[in-house]
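Listed next: structures, encoded as structure tokens.
In the two complexes below, chain A is the common chain; its partner is chain B in one and chain C in the other.
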Partner chain A sequence: MIKSDVIVIGGGFAGLMAAAVSAKRGKKVTLLTYGSGSFPLNSGLIDIMARPIDETVCATPVEGIQALPAQHPYKRVAANIVEDAVTFFKELCEEENYPYSGSLTKHQWVVTALGTMKPTCLVPKTMLGDLCLKKEEIVLVGFNRLKDHYVNVMEENLQQSLGKKKNYTTVMVDAGIEDGRDLTALDIARWLSTTQGYETCIKQLRSAVKANSVVILPQVLGLKHDYAIWAQMKKDLQCEILESTGLPPSANGLRLRNLLLNYLKKHNVTMIENAKVIGSTVRNHICTAITTQAAARERTYKADNFILATGGFYGGGLQMENFPSIKETIFDIPVQFEGEAEEWANEKLFSNQKQPFAEVGIQTDAKMRPLDGAGNCFINNVFVVGRNLSGYDFCFEQSGNGVALVSAYQAAMSL
Partner chain B sequence: MGTLEENPKGTADYCTACTSCITACPVTAATSKFRGPKLVGPAQSRMNFAEPDAEASLEYCSNCKNCDISCPSGVAVSTLNMLQRGEYYRSHPHPLRDHILAHGEQMIKLARKFPFGSLFANLGANIGRKTGMFKMIGIASKRPMPKYASKSFLQQFRSIKQKSYPNKVVFFPGCFINENDPDVGIAFVKVMQQNHYEVIVDENFVCCGSPLVVTGYLDEAQANARKNTALIRKWTDQGYPILTCCTSCSLMLKQEYAELFDFPDLHENAKFVYDACEFLLDLHEKNRLDQNFNHQGGNYIYHMPCHLRVQGIGTPALELLSLVPNVVVENADAGCCGISGNYGFKEDKYEISMQVGQELFQRIKESSADTVVSDCGTCRLQLEHGTGFKTVHPIEILCTAYHA
Partner chain C sequence: MEKATVVVIGGGATGVGILRDLAMRGVDVLLLEKLDMVNGTSSRYHGLLHSGARYAVKDQEAARECIEENAILRKIGKSCVEATEGLFIRLPEDDADFEGKWVEGCKKSGISAIPITPHEAWQLEPNLSHQIISAYRVPDAAIDGFRMAWQNVDSAARYGGRVKTYTEVIRIVSKNGKIIGVDVRSYFTKQTYFIACEFVINAAGPWSGQIAALAGLDVNVQPDKGTLIAFNQRISSRIVNRLHVPSDGDIFVPHGSITILGTTSMSVKDPEDTSSSFNEIESLLQIGEKTFENLRKYRVLRAFAGSRPLYSASGGKGRGASRGFVILDHAEDGLHGFMTITGGKFTTYRLMAEKITDIVCQKLQVTTPCRTAEEPLMQAVTEEVKQKAHKYFPAYGTELAATRLGADRFERVVERLEKNPEERQLICECENVTLAEIEEVIKEGTSFTVSDIRRKTRMGMGTCQGNFCSLRSVGILSRSDSIVEKQQSLQQLQDFLQARWKGIRPVLWGNALRETEMARGIYGVGLNVNGGSPE
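== the complex of A and B ==
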């Protein structure tokens, strides 16, 4: 393998963004992936910050960031970095013809699969839920045999979030897909991508949908990162068309993944799939190479810099077999949990506080380089991004993909 | 994750039901009759190994391994499916169709014992297809059967006069190159000679077993694995690398033997097995690749076989071809071609197989290339069938570039 300027380890959102920013800066990038990251699980939204301290939703994402404690990853970087990262992401999406809307100065609200309204920051055009606030007629579309999208539950909850004054209608569409397993949103999305499927669907919707309504569907408007089906449906029904978030597998998560992979390909990023990184060669605080486990043999890859984006406990970037011994397995970066075993988690899953286990991770300096227990830089040319980092609970705060974006941007700019 | 990971059955317990494999499975996308890799692989196999009932849609898995590539938790999804399929056929009879598709090597070896054997075999296949006999027993009638070469690779290899060099490699031709596409094997020998390697071919090698595994003949596959493993061991004891030009053979020898079977030397042997382009690229990185290329030019589109993608070694063929002047290669990067060995040759899987390949066919047809390059023999058959394009193995382009 010819030496790279930077090797990015991890194929999730943080990894792909770090590769994108590095490549855009003209670096020779090699991306090593093992699995498809959390794209199939999340809705491809970029949450930046909604609940910085407790359950109270902050006024705007940027004010939320200001309110965060000092150890939060956003607080490790300069304020303008968050803004630059958001700009970079939006420009990238624009370039790939799938622009996202939103800014740091206003929450965007999206409709969830349960019919609640969720604050987020950067949103594809198909999910701009604010539209629901403006229109009176709300149409909830479900599909026969589609799992995990129940229009009646949605209706009940939306009545609570948006008020009962609006008119709610529910429509069930039959995709007529051959017998077999339960359908996922992806099956419907593939069906809607065919001319026949689209026309069948529109026919069934036309009879039930009044013009000028907001039509809310699960994430089914195609698997490609374009707005073709969405725009056509808007035109054909003379309505606002909206996708909700959904349970996995997520169509928009996959659109975002395809969009980023497409960008990386255009920018000549070398991608090695199914390459599990199992170790590194580090001397005098400098890493010269990492080792992967390929079929039958180990392989060595050399670079000047390394970006670690292997995820947290869930993604396998951090491992703990016995409390409190937490391992980062590639570089052996020290990870500490400050507290006793009983402080590891709040007993209540939906408590009003961040979960201590969620905030466990790697501490870094402002350039995203890992620190040892004494606060010194552990390896000078390794940068840590995304779920590997300490000091945030993305689920509670609603900073999922946001911290990944900002830390990836900062790491790639620090090379 | 220590020892469990070396045992595919154990990896079922790493499944967190995250759905990544469902999103990556090309068969799931093509038909809702398949319940998907998550349910059939890890979920069902945990039950199945306790009880001998088989999940009805297990037959739809093509063993293309996109599930394995997408899994973040190291679950050997496709191998779990193949183990279950093998279990199932311990207590259920095989259809005649599966017997024919799994035992191509035996049949042509028998036919070659007679004068014009390959000619009659081809004629027979043609008649079988055209008279509807194939369809009747469940072999895809819309797809041409691969033609047998008039002289096998082994027959041709015997008459090649190689220059002797101290560096030697052992070539594992595999059934497809040996019986159907010997030109690839011959090109391989020339390329190795150009790089001052002498090629040894062990005439006792048998089919790697891949067609047997995917049709549920696990015991027969194991017998082949034992035979090849013993032979390979003799060569690796002398330090010779084992090279293949077929990515399904190399995946079997490198990884699937050790996943499916449990006997000595599997892991040690595997360390010596290389895909031909992987080996040549390693030579290049050691500055030992002969780069006296002289190619008149060509416009190609590359399809990376899934069985190469899963090996975790990137795209060695693309990197090698980038060294050849005047050769332009676009990476199709459009997923599985759909054939998956003998899967697409089954009458009831033919449409699925063509549906899976649709995006790739489209990408190829839209490209400015005139020839498809791919490291896998059955992928090449599928792409010829689906696009009408000519196809070559990357090693053939290198061979042309050396001898133009």
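== the complex of A and C ==
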């Protein structure tokens, strides 16, 4: 087996970004994936920072980062790293012809499937919700039999979040897909990718939508990472076209994933799918190899460096079989919860506080190398990125993909 | 002016039992419930249809009542009862002398307790502890509290029995020492109004002390909180009890695809307190893993708690207080037409209802005899309708829906599925709940919140605990025209997610933790459920 410069473990956003930055730096990269992380969940939006301390939304992402406590992952890296990581990501998307908008100095607001507005940082052109502020006519489009999207709920709540002065109308499109199965947004996206599907849809919209409106759809404007359907619809309806966030599976999450996989392929990253890493060989604080379990046999992969991007409790990188013992499954990096059982979770699921269980994870040095309980480097050539890091609450802060991006960038730059 | 001959307060098992009994005897009866039906004690327990064996030593009268009612409920409520049978097992730490007394007590109470060898017990239930010293088979069964109550309501409705939910009694009105009615308040509109009646029956379970106080009377009911754990699998096919003096955490009851372990016993001030702590759960698990050694390997779905109404004339507490029931005729306190029924247990709800209905009927000079023990709660769903349903329901969904909906409602749901393909959508994949079923339940006009729909359909009660169906059901409920008192959709969703969280928080490890991270990903990150706007 040929040895890699770096093995990245994990197929979520953090893993793919770590592989992309490493490859761009000319490293020989092997990416081992088992699943696709939270791409289907998070709409492919790059949240960076909206609520650093309490429920108040900070003025800008960059100011939010400045307000954070020292143990936060953003604070472990040099200030310019956050900026460099954002630049890297935006250039990468540009290169793949699916440019993202946004910057660290302004929140981007997207429309959610609930009709609330969500602050985020980097967004695809199909989700620039600020456009709603500039227009009077808002048209909410739903699809018959799409059980994950409710225009009535969106209308009710948009009246709160955007004000009642606007005109809201709702349109239901019939996709006429007759296979007896429940539809997801992905089915509609596939249908809209066909000429016949698109024509059928546009015909129904044309009769119901006035020019110069903002038309808000679920994420159905194709599965490919291009803006072809979006641009065509914009032109055909003479309207602003928006996609909202929604229940999984998210089309834009998958677009972003495909975009990144494409980039990795071009940069000669070796990708091995369905590779569940079950153990590692570590001597004198140096990892020499990791072991995967595929269908029938175990395999060993060697490298000079390893980037751990296996996620947290959702992704499976961290496991808690019983309270309070937490296990990092590959390198057995120590993870601890310091509080009492009753302090493990807040009384309210969504409140004005960060969830203690969400902030649990691996502590690292500035290079993203894991630390043991005494603050010493646990393994010198392993770098930890994404949700298995400690010190942040991806959900409360609205910072998940941002921490993934920045930590991945820092780890790859530390090689 | 609204009126009824008898007003029953409390939408739990006792209340619906009385509602049905009075209605079947031709009495004009109205049941008032301050929230939704079956939201208190009758759905917040382990769902065990007692054989009576648990009470065979301490209270043989209660034991006899249990075994008799057990046989009756199996007969009248077939689709609510899962005839699993039960095991009593003795472990080394359980008192050997108790076993003899227990065998004797079962015999005296008429409860069949068949001794089997530990080896036979392991053959029946391979997950059982290998420390068993002795084991017995008893006719315990599992019973669905939601379904049982709903079927009582449906049955009563066929005889003219009425129900008003979200209607709280705030005053008991009397004139010259005699009941003339009640003042009530609507939960949603806050509107108050008067309902005239001749009799008020206080069947408010752990709240019955508070109801009695509205009439200036003192009824000593101590709410006693019991916490339970729902596991995501069937750990055994049978109910498993420890053969010792009844204690915490010694009963496992399989229901459908889950198992419930219960319960604790703790005096609380307020029956609304249905919180459960990490420590309560830990102590339940520590006791439970004596019965099933691998208990911690099973996924915990959630924890829940409810309050038993323990009545004491003299102030006994917890398990020492009687589990038998009492009927208090407050004519003795100088208030005619007001009665309280309290204590007791789910298994004997029908008997309790019969006894108090006998007294009320005597006063009303109604001579029609009780027939609640003979007439089934609902008609069986015909094979023909089931055959039709098979076309639209996922494989095992037909049986589930048929039993939870009952004959009439099921037929209407199948008709919807047949006529309107749109409504075949599975809104809750975990529990196989279709849009047709949810629309049908909403149409009845008695569901105002997503939790109300959940109690009637089981939507959101499965493996994912509402991760996907929360948004869907809020969407469906809020677009419906059948409900006037609708709440704001965002508030509905927040309330529902928080209600699910309450039961997950004390068991937040393993897959429950994983699902929670997902729920936060969907509703917190993706949908910004806390709300927000650019300005």
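In this text, the second predicted complex is superposed on the first by the 414 of 415 C-alpha atoms of A that agree within 3 Å, B and C clash if a C-alpha of one lies under 4 Å from a C-alpha of the other, contacts with A are read in each partner's own complex, and residues count from 1 in each chain.
Quick note on the criterion: contacts are C-beta pairs under 8 Å (C-beta built on N, C-alpha and C of every residue); 3 or more make two chains touch, one makes a residue touch a chain.
None of the values given here were measured: they were computed from a predicted structure.
Chemist: Is A:87 touching the first partner chain B, the second partner chain C, both, or neither of them?
Modeler: A:87: touches no partner chain.
Chemist: With the two structures laid over each other on chain A, which partner does A:193 touch: chain B (first), chain C (second), both, or neither?
Modeler: The answer is neither, since A:193 touches no partner chain.
Chemist: Applying the document's definition of touch, where does A:66 land relative to chain B and chain C: first, second, both, or neither?
Modeler: neither
Chemist: Between chain B (first) and chain C (second), which, if any, makes contact with A:350: first, second, both or neither?
Modeler: The second partner, chain C, only.
Chemist: Between chain B and chain C, which one contacts more residues of chain A in the superposed model?
Modeler: C
Chemist: For A:276, using the defined touch cut-off, is the partner it touches chain B, chain C, both, or neither? Pick first, second, both or neither.
Modeler: first
Chemist: Between chain B (first) and chain C (second), which does A:292 come into contact with in this model arrangement: first, second, both, or neither?
Modeler: first
Chemist: Now for A:148: first (chain B), second (chain C), both, or neither, which partner does it touch?
Modeler: In the superposed model, A:148 contacts chain C only, not chain B.
Chemist: Could you say whether A:248 touches chain B, chain C, both of them, or neither, answering first, second, both or neither?
Modeler: Touch status of A:248: both partners.
Chemist: Could you say whether A:41 touches chain B, chain C, both of them, or neither, answering first, second, both or neither?
Modeler: Both partners, chain B and chain C.
Chemist: With the touch criterion stated at the top, can you tell me which chain A residues are shared between the chain B interface and the chain C interface?
Modeler: Of chain A, residues 38, 41, 180, 248, 314, 316 contact chain B in one complex and chain C in the other.
Chemist: Of all residues in chain A, which touch chain B in the complex?
Modeler: 1-2, 34-38, 40-41, 177-181, 183-184, 186-187, 190, 248-249, 254, 265, 270-276, 292-297, 299, 311, 314-316, 319
Chemist: Name, in rising order, each residue of chain A that touches chain C in their complex.
Modeler: 38, 41-43, 47, 55, 57, 107, 109, 112-119, 130, 133, 144-145, 147-150, 152-153, 156-157, 160-162, 180, 182, 245-248, 250, 312-314, 316, 320-323, 341-342, 344-345, 347-350, 355, 357-358, 394-396, 398, 400
Chemist: Quick one: which bits of chain C touch chain A in the complex? Just the residue numbers, please.
Modeler: 277-279, 282, 296, 421-422, 424-427, 435, 468, 471-472, 474-476, 478-479, 488-490, 493-494, 497-498, 501, 505, 508-510, 513-514, 516-534
Chemist: Please name which positions on chain B make contact with chain A in the complex.
Modeler: For chain B paired with chain A, touching residues are 1, 16, 18-20, 22-24, 29, 31-36, 39, 57, 68-74, 251, 254-255, 258, 267, 270-271, 273, 285, 309-314, 331, 333.
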